[in-house]
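Listed after this line are the structures, all set down as structure tokens.
In the two assemblies presented below, subunit A is common to both, partnered first by subunit B and then by subunit C.
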Partner chain A sequence: MRERFLTGYNDFVLPFLIGMVFILTYCAIGLIKIILQLPKEDRKRFFISLVNPKMIWKNIKDIFCKCLLHVDIWKRNKLLGYMHSSIAFGWFMLIVIGHIEVFLYVPHRAKLLYFPIFFRYFVAETDSTLGGNFLFFMMDFFLLVILSGILLAMVKRLRSRFFGMRRTTNLSFLDYIGLYSLWCIFPLRLLAEGFTADISGGSFLTKSLNHVFTAFLGNHTNMLPTWWAYSIALGVFFIVLPFTRYMHIPAEILLIPLRNAGIRITNARKGLAKAQVYSCPSCGLCIDACPMGVMKTHIKDTTVYLNRQIRRNNERRIEEISDKCLLCGKCSAICPVGVEGDKLRIAQRSIRKYGISPDYSSVNTDALIAENSFSAPSGSKVLYFAGCMTALTPKIRKSMEKVFVSAGVEYEMMDKDGGICCGRPMLMAGRVHEADEMIAKNMEIIKASGAGTLVLSCPICYKIFKEKYHLEMEVLHHTEYLDRLLKSGKIKVAHCGKRFAYHDPCELGRGCGIYDEPRAVISFAGELVEAEKHHKESICCGGSLGSLTLGFEKREAMVRNALGNLSTGSPDVIVTACPLCKSTFDRYSDKPVEDIAETIANNLTTSTKTL
Partner chain B sequence: MKPKENIVVIGGGIAGLEAAGQLLKLGYNPIVIEKQDHLGGHVAEWNRLFPDMTPASEVVKRLIDQSSEANIFLNTEILFINRLKDRYNVMLSNGISIIARILLFTTGFRLFDASKKEEYGYGVYDQVITNRDLEHWFNNGNDKRIDASGMKAVGFVHCVGSRDEKARNPQCSKVCCITAIKQAIEVKQKFPEAMVYCFYMDLRMFGKKYEDFYISAQRDYGIRFIRGRVSEVSENIDGKVIVKAEDTLAGKPVKVTLDLLVLMSGIVCNPDSAKITGMIELPLDTDGFLKSRDNVADITASPKEGVFYAGSCTGPKTVPETLAEARSAALEIHSYLKEK
Partner chain C sequence: MDFGFGIAPSSAVNLDSVDLEKFERLHTAEPDVYKCMACGSCSATCIAGRFSGMSVRKVLHCLQRGKEKEAVSMVKGCMLCGKCSMVCPRGINTRHVILSICRIYGEETK
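For the complex of A and B:
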């Protein structure tokens, strides 16, 4: 292998070089900006995580699996996974092998940014070696892999259904420029390397192409224009990259270590929020996932469009999209890069200015403390907090009381005669201060009660109790509590032979990760049939209080869609574990809808004398 | 002599009976199809009617007498209806099929299922009943949930499943305001010592003498009217129900302990009429009731040839309105057949 030009330079490398310098500068500035925007403790935490060997390994592994191999997308759809990893991993391999070639054959050129990219223009093959052939073969092989990925990407633009996607994102103008330049890069590279293959050498792809070219073009006059075109395509791609969805490629490399360091969104637009917004690849998987998607009019209210509007600083649309969302969290659960659509929206809501701020700090809790305190505090005593939503579905509260009596536990119904909201609805509305005040009040009452266990019926309460309350007692959702009572034999139920479809409430399933206990509980009382989409793919009932602006008439289609999903296994009864899901479904369902507590209370076999 | 023209009257409530009586007088042969085992529909289950406290049984009896010569099929449902060239073939569950040029829908309404508003506790707490349960009790004095001995406080909740988007019925049921006042007065007459509360959004006293009734309820019977919706109902250890509501005039929440709570179930379209209209593709209006050709000028005519409506199948109506509409439909049918 020898160099063809003494200078090792040709003007055609300029477009690439300009693009490359631009994007590297842009990313470096962005990186510094985001890190500076992090709160002080978060920044410290982040730096410490970067030198922790365990975390280094995790970060490398995650970046490799997510950014290059796209393991999550493979799990979702094989074809979609192949399309992504062929381009990302293939390109990565081209860069790696390109550098190896430069280091092996022209090590003095290694400091030139462009040399590995345009290697085959600058060299001529003098002798054919096994190692050289192997490298050339690898280069052609990965080029072929990428080209197959590009072909699939073209098919996907026309028929996204083949890739398991019903709908995909509408691209912006610059996204199209980025897309077309990306599509052009590799066919142009093939063309350029094909023209030079008889000089620089090549393998099965480039060599064969070269034979075809020489057969009817006959000379090398077409060589330079193709190398120019290849370089321009790269240059254009790098220049538009920061303004397109392809910004997700560098952004995700930052997002992964940030997430692994345990950093949370604290500012609506800065720091982690910004990293997430720029990591959004506009793939549109969240469009199909969004429960609002049953109506075409809401497609533009999905997370992918929220990210786009935040990047454009379109305040009117940001507010609209943030307020409409049900906060079911499904987009976050399925997002391949880990954009937290629900938390991002809550953060947008939290910067809103309100004319009136209610004050809960002056609420007097003396009466509630007196009512709910056990005379002799003990770890075995149970405090039951029904929550506001359960107050509207008294059957659940009655059923739980029946269970407590049957199990023979000493219990107190904390909010039977009024109580204070758990604060989660306020938090969902982005009003953190008000929520904190409510939390403080409820903690006063609960801490004074002397109970050892707190049982909750509403997953909305449960989530905030788990995350924001600091109680020195066990906090259980009633599904967990029932599971424990049934497994320990404290209560017994008869198997009634009915088929039960279980609906995973958003806040309990995706929100708190409780999937197994309710299923175990139901299996005691009857046959569990799964819905078409379940566990983290479960569809929001449509009644969520996460949305600040969706009216009832808009929600109907969502409720019906969720009910249709639950009816696939033709169950006799639809069971849920959330009072809000229950009352929402009950309005539209032709099948009976009940809470898991009712299912158990109705089938109890031990004596229940007092109730 | 030409045989009398058959007219199929679907529903043997007061609208069906009144129309049948009028059609008999006009020289037709009305055939009344009733799903239940008795005539008179909802009114037959009621005790007394506002504003003059007329016994409902008297009204129903007069209507039955007046239509006694009509063909009446009780316990009968419609299996299907076929459209022939210019007439309809109606197949009944008792095996009879009728060919007629005219179908008159008097399918009426259904009371909203109060257990769907779980927060009000119907079917959960024993002390919660509906307006219909109360009328039953007026009629036969037999209801385990009503303990006549210690009745100290009774509440009425207006607009249950009515003017309620959450309950999927945003329409006003029209008659419950006055029914609640009537029932509140009746309860007060039975239990003069008891406090009676009405929880209302606003009172729609539109009919003849309704306002007098309302004034009298306040002045002569001391019934307390609280403006505001009930938020939730719970039970205390003594087996009484606790109602939480907002008094929007005083601007604060109220909590009342009651021995009996009566829910004024609203009016929704009878699901059976939707089933039958499906057979001949009659449209439903946006409020869920049957759609008239014109809601102002032609309320008794359907958009289909030979199909007419009377009574509350097109929307909530009072008894006198229903009867007037039944007469009007009979006359409409008569002129329609004359023109043919």
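For the complex of A and C:
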């Protein structure tokens, strides 16, 4: 290899250079801004995580698997995964091999930013070596991989169904500019390298193209315009990148270490929230996932559009979108980059200003403590907190009481005459301090009761009890508790032969990761059939307290859709583990809907007493 | 002479002297407030009612009659559990009505 030009420079590199310098400066400023916006202790934790060898390895592995290989998308749909990883990983390999070539053949040019990108314009092949041929082959191979990915991306824009997506995002104007410039980069690179292949050398793709070109365009003056076009396409892409969805490429590299450091969203717009918003690639996987998507009017209220509006600071739409959401968490569960749509929305709600703030100081806990305290506190005693929602479905409480009696445990019903709300609905409305007040009151009551185990029936309560309550006792959801009683043989149930479809409540499944215990419990009582979408893909019943603005009358379509999903295995009974899901399904279901506690209580074989 | 009892102050509301400007704002934000037929289902399910006398029915009633102070003190007891909106036979999103009240009315209201 020898250099063709003494200066090692041509004017056509300018668009690329301008774009590159712009995007590097933009990203550097953005990075510093986000890190400065983090709360002090979070920033400290982040820096410590960056020097911890275990975390370094995890960060590198995650960045490689997620940003380049897109493992999560592969798991979802092979074709979609190939499309993403071919472009990302292929481009990465082109850059790496380009640098290797520069280091091997013209090491004194390595300090020039543009040289590896336009390597084949600046050099001429003097001798053919095996190593050189191998590098050229790799370059052409990865270029082909990228081109196949671009072709798939074009097909996806027309027919997203081939890629397992019913709907895809409506792009903004600048997104389209970014998209078209990205699509142009690689075909133009192929052309440019094709024109120079007889000088600089090439492999199966560029060399063959060169043979075609020489047949009717046998003039080297055609070379420069294509290199200019290639450089301009790169320049345009880099210049528009910060204002398009492609900002997710640099942003995700920051988001992964932030997430691995265990940082949570504390500010609605700054720090981690900002990193998440900019990491959104507008892929639109959340659109199909959203349970509100059954009604076309709600499509623009999905997480991808929330992120877009936050970037545009459109306060009216941000409020509308964040208040409507059911907070079922499915978009967060399936998001390939890890944008937490539900937490982001709660953060948006938390910056609202209210003229009236609740005050619970007048709530007298002494009376409640007196109602719930055991005469002689001991670790074996069980305190049962039914929760507000269970008060609307008293069968669950009765069933649990029947189970407690049958198992012969000493129990106390904590809120039989009404108690204080767990605080989760208040937290979902974004009013954190008010929720903390309720948490403090409830903790006082529970600690004074002297019980060893706290059993909850409502997953909404369960989630906040797990996360925000600091109790020195075991906190169990009744599915876990029933599972334990059944496995230890304290209660026995008869196999009734019915087919049960289990609905994963959002807060229990995606919220707390409890999937196996309820299924084990149901298998004791009958045959378990899975719904079409289950576990972390389960569809919200539609009754969620998360939504502030959706009235219950507007949710019918969602409930029916969720019921249709559960009916795919033609079950006899629909079983759930959440009082709210049960009461929501009960309104529209043509099949009986039971809570898991009812299923067990109905099939108990060694019931000592009947209530 | 004190007999330990007296005549209760008049509870008559003079609607001419009541300023309903805030209620009109609430009505614009929540058109459903006039749908309430005061059935009391919300009050029957309310968990906060036991502690603070909170009742959505009473709150709406008071606000329409300009008795804002009473309404605000009740709203302050709300725990936002949302049961009232599930039982409302008129389908009013009471939970959002309460949040709107918290926004429009302030602590200083008389």
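Assume the second predicted complex is superposed on the first by the 609 of 611 C-alpha atoms of A that agree within 3 Å, B and C clash if a C-alpha of one lies under 4 Å from a C-alpha of the other, contacts with A are read in each partner's own complex, and residues count from 1 in each chain.
Criterion: a residue touches a chain if its C-beta (ideal position, glycine included) is under 8 Å from a C-beta of that chain, and two chains touch if they have at least 3 such contacts.
Just so it is clear, the model here is predicted, and its values are computed rather than measured.
Overlap between subunit B and subunit C is detected when the two structures are superposed via subunit A. When the two structures are aligned on the shared chain, A:395 is found in touch with subunit B, with no touch to subunit C. In the superposed model, A:420 lies in contact with subunit C only, and not with subunit B.
In the superposed pair of complexes, A:357 makes contact with subunit C only, with no contact to subunit B. In the superposed pair of complexes, A:438 makes contact with subunit C only, with no contact to subunit B.
By the touch criterion defined above, A:552 lies against subunit B and subunit C together after alignment on the C-alpha atoms of chain A. Once chain A of one complex is fitted onto chain A of the other, the partner contacts of A:583 extend to both subunit B and subunit C.
One of subunit B and subunit C touches more residues of subunit A, and that partner is C. Residue contacts after overlaying the shared chain place A:51 against neither subunit B nor subunit C. Shared contact residues of subunit A with subunit B and subunit C: 391-392, 417-418, 551-553, 583. Those residues of subunit C that touch subunit A in the complex are listed here as 32, 45, 47-48, 50-52, 72, 75-83, 85-88, 91-93, 95-96, 99, 101-107.
By the touch criterion stated above, subunit A contacts subunit B in their complex at residues 391-395, 398, 416-418, 551-553, 583, 586-588. For subunit A in complex with subunit C, the touching residues are 352-360, 362-364, 388-389, 391-392, 417-421, 423, 425-426, 429, 431, 434, 438, 543, 545, 548-553, 583. In the complex of the two chains, the subunit B residues touching subunit A come out as 116, 118-119, 121, 124-125, 165-168, 232-236, 242, 244, 255.
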